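Look at the two complexes coming up: subunit A is in both, with subunit B in one and subunit C in the other.
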Partner chain A sequence: MNSLIKRLKMQFDVEEQTQRSNLSFINATALQLPALLTHLRDYEKYTQLIFLTAVDRIEDNQFQLTYMLADESSQNNIGVRVRIDRENAVMTSIAHLWHHARTYQQELREMFGIDFPGSPGVNDNFILEGWEEIPPMRRDFDTREYSEKTYFPRPGRSTTHPRTAMKAVDPDYPELPLMKGRVK
Partner chain B sequence: MKSTENKIIHPLENAGVPEDQRHLYCDASPRPYPALNKYVERFLNWARANSLWILGYGTGCGAIELRPLLTSRFDISQYGMNPRPTPRQSSVFIIGGYLSVKTLKRVIRSYEQMQNPKFVVGLGSCTVNGGMYWDSYNTVNRLDYYLPVDVYVAGCMPRPEAIIAGFEKLKSTIMAGQAEGANEYAERFDWYKSNQKKIIKDWDMPDYNW
Partner chain C sequence: MGLKDIISPFYVWKRALEKPFTHPSPLTTRPGSDRYRGFHQNDMHKCIGCGSCETICQNAAIDLVHVDGIETTEADSGLRPKIDYGRCCWCGLCVDICTTASLTMSNEYTWVDADPEVYRFIPGADEKSWNDTDKGYRRAEGYNLLETERVDMDMTLGDDGIKSFMEVIHGYTKEQAMAEAMRCVECGVCVATCPAHMDIPDYIKAIREDRLEDALELLYRTNPMPATCGRICTHRCETVCALGHQGDPVAIRWLKRYIIDQFPAEKAIAQLEQEFEDNGLKVAIIGAGPAGLSAAYYLVRLGYNVTVYESQNKAGGMIRYGVPYYRMPEDIMDDEVTVIEKMGVILKTGIKIGRDLLFEKLMHDNNAVLMATGFESPYELSIPGEHHSRVISGIDMLDDIANGKSVEVGNVVAVIGGGNVAFDAARTARRLGADVCIYYRRRIEDMPADSEEIHEAQAEGVKIIVQSIPVHIEDNNGSPRMIWNRAEMVDQGPGKRPKPVLIQGASETADVDTIITAIGQASDYDYIPESMSGRIHFNKTRVATERLGQTAETKVFAAGDIVNSRGDAISAIADGYRAAKGIDAYLTTKKGEK
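And now, the complex of A and B:
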């Protein structure tokens, strides 16, 4: 793993973070990504794309994409992280490298609104049909508010969240910062 | 969406299907069937209650409990019930858990294809009030706004014993002549349709899928 990172650093401008002996993450720029993934696939035996996922870094006004690759023979995994702009969320498609990446890209297009121009079927419906709001996995989408105004909530719902349950028996039970504003 | 957009026009205009195919679909809305002579109806209800044929809709996790129910461990056929492969042959529709907007659409299609009289059993808290997915962007909260539900079985997930108890309840409701879900659906068709259309935004099927 270490020697791989060394080799990569000779060719690409990447930062690395090693999590376990068989799992590392490298941060790369969006421009480098296709070359980096092609290199990993064709020269370093990272032939399997395990997943492609996104995180909404709304504080930085960015999306973080993680491409997780695996080397079957050595059981090593490497995650390639890329930050892209949140306002104009466009990323290069990698469907030509792994055919199944189109499904991930279609999902990200629907759930986060990240476009992958040229990816086959990227604008087709994936799970949502006829969605009219902002993409639901963006963190500024208030899922509870949407659910309450759309799905006819049944009144009389109560919660057994530990915080409220403990408050009932012990008034001094501390307020948790956890899930603030989410639990009635 | 404005409420006027959901107005249901009779005969049904089937605006969701392409114009050149509209003549292929039925444009009549369902109508309620009045009860027959008291004694005949009593006999029919006895017969209906004792040969419940199931259409299972199991995309929710609660439907995992249907497997032991149908197979040798709990063996539902001893109660005169039997799973059937198609909506046309079934009289009980079991909704096994949460429904998303996408699955609700398929559920409506299947329900409307079933023949009268038909009954709906909602399994699990998700069909009652959304269960643990109540605040999800995609999960329907209460099933009875879209289909007439005869029996709810609460629990997350309900055990097979609870489901059997639910079916016993359903049987006694049918025997008493109170399981009138199909007629209720026909009588309040506009209300059910406008609820369905409020959340299913891309309505690309006929208004009544008979």
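And now, the complex of A and C:
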């Protein structure tokens, strides 16, 4: 795969991290991506798109998209990583390169709220019918809060905080506070 | 559509009498893969009911409930997770976060029942076919959501340490403290174990969120001597910390110290100062050690006029006069006392009750009196020759150093005892330039001293001879010669400490310049007047009180070492708090009766 990376570096502005002998990741810019993927598909035998997925890099205010391609003849995989702005989450569609990319893009639209203008059916429901919250795979989505709000608790459920249960250890457990504190 | 299309579906009828091609067996017994995430297993005896599984569960599928046969103990909440499989999404986060690694998942995933209620159960408590399988999801080797190692503390150890009385433990920086605070899972198992029941998870959270003013107030809610306890506390909380099951317990004591390190006295006072309504009632406290100061602090906050009488020149008790500066610097002790004093406590030092001021007068002038005089008279060895001029007590030696007197110990020192005082004396003698050897009658693991003190002392070159019992002391041209005997540990039956017994003929001699004795202390109750002696009761050497410190003489309360047998600072502080509560309850009731 080293020679492939060398060749890519001559034409594109990419950084590379090798994970295994048959698996490399390269970081590319969003603008370069369609050209880079087309090149990989048409000139480097990476004809198969295995998956397209996203990671919410909320600390950097970015989404990271990973396009995983395979060269079936050599069994080598290459992952192309792209960072896009999280606030204005729009990415060029690659549905014209691989028809099934539309499904991944439709999923990312629903789960992360990333738009792929022009991708067929990108705004159709994927699995979340009637979803009104922020996209659930965004890290600022509070799964627990949603779960508690949406699903009724089964009757008879109750819980005890360990700290409360521990009071049984000391019969003289003092009631606090003795003074009027200002702790919030 | 042709005729064929119409009749073709009926071709399959010709197979109606044949055996099916499908094999039912693999469909009914198809085991999950080895690391499949199926129904949970929980090792009930390993689990401590910390509730981390409940906290992390994103589906609110886990409740912590009491289970028959599992008792709440000092290190176990007695609760166990009960899982609602109607909500569980089998993500396995509960297994990943489990502090004791008791919770795992079996690879069993098929279970059909018409009653939905059976899908809510306590793994490990209820009989299930998958309880004993070793297949299923376990946390992978090397993968842990919890940080198992505590943040290292910078220390001056060994040869550098003994060059001076500078503090050995440096304290955490902000980055270190925040990283260490991140490790806490906020289970609160430690709160009950701490004698003062400090709000440990809350102040650790406050560190994490950098709300240090809140953290300070949380400390003072239950403990007005946080700088002391941040340094020399016996930290029983850490022995039950959930993180300790798979790694180092959270450095609770050092985190406490980090908070108070950020508050020099003036800053702490500004933060804690409040208006208090004077209720006109007076309380006298005898002894300005941890118990007395703690009681004084809380009584003042309740509106009482409190005067603390101390026979030494400065307040602090055994913390000031028994703990050397390299563990508890003098200026830190001064700050600690200043904060308490500025809250409105009147401190009268250099006054010994029974000598300079009579107990009867305190009784007459005050609405209540608290005795918190501690254990400060050293026990004698009770062996021949111990009144040699070069045999001194550890307590007196530490006291002299704290009072700025020069102490000469010579080049070779023997310390007798295995408690913190023995180690403090030994390490102080090292700092005075002597070769030091500790003689202890039992084994290292039997020593009452903190393990940190033992390790630090060894790192500083203190030698330890265990199972050694001094039998007599002779004079050797002005220096003491200690004759000691080796001992063997004799089993005393189950549940009892083995006893050291002298080995016949295994006698040895040690020529030294000074012998320091530190085999424990007793209290001196001479200040209690005879007129009251019948009305204050004793359990052996300790004052008998009811649970809030009240003695049989209802106006007199007692707290600290003279009451509790734990004998550490934090227990004394907790005692002071309880006594303040007791005095308040007593005086409030009395006021109501008038």
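Just so we're on the same page, the second predicted complex is superposed on the first by the 154 of 184 C-alpha atoms of A that agree within 3 Å, B and C clash if a C-alpha of one lies under 4 Å from a C-alpha of the other, contacts with A are read in each partner's own complex, and residues count from 1 in each chain.
Basically, a residue touches a chain if its C-beta (ideal position, glycine included) is under 8 Å from a C-beta of that chain, and two chains touch if they have at least 3 such contacts.
Bear in mind the structure is a predicted one, so any value in this text is a computation, not a measurement.
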First, second, both or neither for A:R154, with subunit B first and subunit C second: both
First (subunit B), second (subunit C), both or neither touched by A:A168: second
Partner chain in contact with A:R144 - subunit B first, subunit C second, else both or neither: both
Which partner reaches more residues of subunit A (counting touched residues only), subunit B or subunit C: C
Subunit B versus subunit C as contact partner of A:E129, first or second or both or neither: first
Partner chain in contact with A:G121 - subunit B first, subunit C second, else both or neither: neither
Contact residues of subunit A, present in both the subunit B and the subunit C interface: 143-144, 147-148, 151, 153-154, 157
Sites on subunit C touched by subunit A in the complex: 49-51, 54, 57-60, 63-66, 72-74, 77-79, 84, 86-87, 120, 187-189, 191-193, 197, 199, 201-202, 214, 217-218, 221-222, 274, 298, 301-302, 547-548, 577-578, 580-581
Subunit A - residues contacting subunit B, complex: 127-133, 136, 141, 143-144, 146-148, 150-154, 157
List of subunit B residues in touch with subunit A within their complex: 100-102, 105, 128-130, 134-142, 145, 195, 198-202
Parts of subunit A lying in touch with subunit C, wherever the complex brings them together: 143-144, 147-148, 151, 153-154, 157-163, 165-170, 172-174, 176-184
